[in-house]
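Should a chain be cited, it is by its letter among A, B and C, assigned in written order, with residues numbered from 1 in that chain.
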Amino acid sequence: MYQPVAVAAGDHAQAHESEHEVSKFGMWLFLASEVMFFAAFIAAYVVLRAHSRGAFAEAARELNVVLAAVNTLALITSSLTMVLAVGAAQRGDRRGTVRGLAATIALGCVFLVIKYFEYSAKFHHGIYPSTNAFFGCYFLLTGFHGLHVLAGIIALSILLVVASRGVFRDGYYTPVECTGLYWHLVDVVWIFLFPILYLLH
Amino acid sequence: MSNDHIHPPPSSFFYKYIWSTDHKVIGKQYLFTAFFFLLVGGLMAMLMRWQLAYPGSPVPVLGKMLSALAFIDDDGRVTEEGFNQLVTMHGTIMIFFVVIPILVGAFGNFLIPLHVGARDVAFPVLNALSYWLFLPASVLIFASLFVEGGPAQAGWTSYAPLADLTQTGFSAGHGQTLWLLALFLVGWASILGGFNFLTTIIKLRAPGLGWGRLPLVTWAQFITAVFQLLATPVLAAALCLMLVDRLLGTSFFIPEHVYPGDVASGRSGGGVVLMWQHIFWFYSHPAVYILVLPGMGIASDLISTFARKPIFGYKAMVASMASIMGLGFIVWGHHMFVSGMQPVMGKTFMISTMLIALPSGVKVFNWLGTLWGSSIRFTAPMLCGLSFLSMFIIGGLSGLFMAATPVDIFIHDTYYIVAHFHYIVFGGTLFAVFGGFYFWFPKMFGRMMHEGLAKLHCALTFVGFNLAFFPMHFLGEAGHMRRISTPTEYEWLMPVQPMNVFISHSAFLLGAAQLIFLFNFFWSWVAGRRAEPNPWQSNTLEWTTPSPIPYYNFDKVPTVHHGPYEYSTAGAETDWTPQDRPDAGPAAGPAAGAGKGH
Amino acid sequence: MHCLSRIRSGLPLLVTLAVALPWGAAEAAEWGWLPPNINSAYGDEVDDLYLVIMYLVLVMFALTEGALLVSCLLFRRREGHRARYSHGNLRAELFWSVVPAIILVWLALVQTDTWAKVRERFPTGPEVYRVQALAEQFSWNFRYPGTDGQFGTADDAYDGTLVVPVRTPVVITLASKDVIHSLFLPHLRVKQDTVPGLRIKVWFEAGRVPCWDLTRQELALLDPEDMDAARVAVEGFAFQETRVVDLESREPWDEGKGLWKGLKAFAYAPAGAAARIRHRGATADGAHGEAQYALHSLDVACAELCGLGHFRMKSRLFIWPRDMVDAWMAAKAAQGADRQLAKKWRRIYDEGHPHWNQD
């Protein structure tokens, strides 16, 4: 997406270096707005919870903590494999990059599959977003988070194809690192969602 | 960077004008779309003004022509429902599809890379994507005028549960849903623009272009971009909450015990009504500063250039913009003084709101300081710049009445508020837009606009605007409520009805004056005098390029030697000193932040 | 088109400031800046604050716009003259930051007490007159405690109009059945949103009794002690809208010049009361005497966009001497409420669980 031609100063080598820097910087800014997006949802959750504490605690008991814990584990591990992928890309290690990306994708899929089972169990028991304020928050927060995981998986899959062609070498690994940053954010958001939705009774 | 690094400009029509990644073309795309909506929104205002002056009588000429639209009946009258739709769509369109796109989408895109001496923004493809999110949003909002049940009608603020609960008999149609979707898209378009601009300004400045040498327009865009980046996602979240409320039956903003039409709402309840207002204003109050900061930036450039004098207190100007932003995040509650928010919070919001007048005052005084002892050229852009200044003062000062909680109780939701914000968004911002447009038109289109017509437009707009909007303060003091289609329903409003008539006639004059602008624009585009590179003898980097600007802006990346406002420097040959001219000797301007590590 | 280029720069500014603003001010002064204020509890305080800010703002306005105008006149470009090169003046900048800062903080502090009085310190005690309001699309409902002073009992009085005694602190509790509305009593400087899920209080005290001056055809606000003539027992409060001047039949804009003196006339009054007073005092030519007044009422409006009928969501406010109110209340309480109506109230007030209840 970034066109090196827009770099205003510097010789060839510098341009290349600041391309990396510029993209990464842009990614950080983008993540800042993602943080605000989720922060607004979480704020809404806090306000609603403050208004009906008992009902929230009760509804939260319906959730499956074990499945969610497995999911938490999956995401944390996937952050790790992502770090490995970025490191490999940085070294120009094609096989390492591909392996790291594939593992991350796989773990992301595990997360989504488990989420799918959680959702369908809820629907099966007649629990929908409209059931009460807690489940409204639950489906909204996990739903948007799930969409972000899905988007991440798609981005990672594209990277996987690109990486397998050996594009990431000679110190060029910007897309891998930027996608990595995004993936970590998705992970961090979950780290917040897990306790407030599943553990707080 | 050597020139062989530059890609050749695209040659196919599609890549040149449609999917263009050139910031100048994207800026123009935003500009044209927004001008179209200015006509639409302005026309809506005309229809509203007709109804308010002559309630229930057919709109002459236009009425019959527009009777296919939801808000006009077959006889050409504005319907009761239609009036609400007009108010809502007028406000929404003017803010989200006119002013923000012009200031940020058009001026921001066009000027930022030029002012930092870059060949494009940091992420040109995302920049194009931003416009291509904005366009479908425009289509959605425009299409909502034609859907069954008409467009949204719950006000541009779309308060829950009115806009939220489909059984209120008011927002059952698709209009409100389309409104939410359109704003969601516009929001993400803004966010993409925001982080792109920030990256560009932070990372792509030309050698020598320290923070202290950025033109104030670009500073304003920088600060606005921070707003957009951090506040817009919050609006997006609020829109999502209302969307799921409407589409999936959740109750984020719907409490228990709500019985629209005496029937239970059928919702689980548990929601909090005022939460919508808090989230909405957390975004929309900063958003009103998005509506004015870039205007302030433009006015600063115009005033300094045509006063031939450096801007007074450059650092204070930047600091005050930054503090307007900072404070802007903690004053949202002043829209909610009578909303049922806890009274104690009213006090804190009152104090923070009062304080925000301070940086605004500093800006006003510094502009006046710039004018004092200057040598003013009264060109059309300068007239607009001065109009901005005088109108902003009026709009800002009226804000103080509303910031005072006990006084706001009476004037809240009256025409006093309507007067206040039109003084800032029209009297302020749109004048800055007109001025900026007259000023940069040669750079955008390679020709000069007709100066005489421009002055006439400015004068008529100024007079028409004041005659239309000043009396609204008196309406407000009389307690004339906003958003009522038929003021003659109320006894205590009877005495002020003639003022409504007067206001409407002035508004028609104001509207007609815009036709001059429209004519001048197209006429000058085709037949205007060809512009030389620097027709106004201005300093900033865009004036060092040919008019119109070539595809990659600068064939050699400029090196910056001065601040942007070196006018009338002692010892200099001319009364201006372009930023890239190395020979200015000792008076190299405020050395503040000269140079930067790259 | 050449001559157009010569338009004098300061012209538009001057024309507007010279013509529009004084015109507007004159027009406004003719009927008073604000609607008559009969809130004797804190109304004057609020209006005074308004005026304080007005004067402050006018000074600031004159200073800044004046400086702008003077600059435009003094510093227009002249041959062979250059602008003074200057990047600013720290002292000046400090001056115009600190002075407004002091003014603004002062301004914020002086009103905190008024705000507290209006919104936080409610009157208490047996003499307080309590009313409950229930807003719905698109009408106002009011509930009165009846003769026993208790809400939720069989002798509650229900009505669509707001009836309150003069010179008595009135506390109204607000709730909404469907969407947000806003109770607006312009002559009492009261405005408060009603929010589903919340129960919010407002209070005021009306100092004078609105009457209709039958000779001059305009609103008159009488001190209760001056109007003994009106203290007649009124039976059968048949609330009729008596439109003294029928607006529908007249095109407002035909009136032409100035303000609509004659058109201000809606008279809403209990038919009995109006007739009685007119009868007692009217001389043959109807020219003088206290009997020229009829009891009148004031507008109650909804100030928050609440749906299609928002602009028609209105009611009337009656301010009467206490004994009249008591008589009316007794009569109303005896009527009771129909089932439909009682259910409405029960669902919101007696069964609802508001998030925030000021009571």
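Heads up, the rule we're going with is that a contact is a pair of C-beta atoms (placed from the backbone, for glycine too) under 8 Å apart; a residue touches a chain by one contact, two chains touch by 3 or more.
Everything numeric in this text was worked out from a predicted model, so none of it was measured.
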item: Pairwise touch network: line, ring, star, complete, or other; value: line
item: Longest centre-to-centre distance from subunit A, chain (CA-based); value: C
item: Approximate Å spacing (C-alpha centroids) for the pair subunit B, subunit C; value: 33
item: Subunit A and subunit B: spacing of chain centres that average the CA atoms, whole Å; value: 34
item: Distance from the mean Cα position of subunit C to that of subunit A, given in whole angstrom; value: 54
item: Of all residues in subunit B, the ones touching two or more other chains; value: 271-272
item: Numbers and ranges of subunit C residues touching at least 2 other chains; value: 355
item: Junction residues of subunit A - those touching two or more other chains; value: 51
item: In the complex with subunit B, residue positions of subunit C that touch it; value: 1-5, 7, 9, 11-13, 15-16, 20-21, 24, 27-28, 31, 33-35, 42, 45-46, 49-50, 53-54, 56-57, 60-61, 64-65, 67-68, 71-72, 75-78, 81-89, 92-93, 96-97, 100-101, 104-105, 107-108, 111-112, 114-116, 118-120, 137, 177-180, 182, 184, 186-187, 189-198, 200, 247, 252-253, 255, 258-260, 263-266, 298-299, 301, 303-308, 310-312, 314, 344, 347-348, 351-353, 355-356
item: Touching residues on subunit A, where the partner in the complex is subunit B; value: 1-12, 14-15, 18, 21-23, 25-26, 29-30, 32-34, 36-41, 43-44, 47-48, 51-52, 55, 128-134, 136, 139-140, 144
item: Contact footprint of subunit A on subunit B as seen in their complex; value: 1-2, 5-7, 21, 113, 116-126, 191, 194-196, 198-199, 202-207, 229-234, 236-238, 240-241, 244, 248-252, 267-272, 275, 279, 552, 557, 598
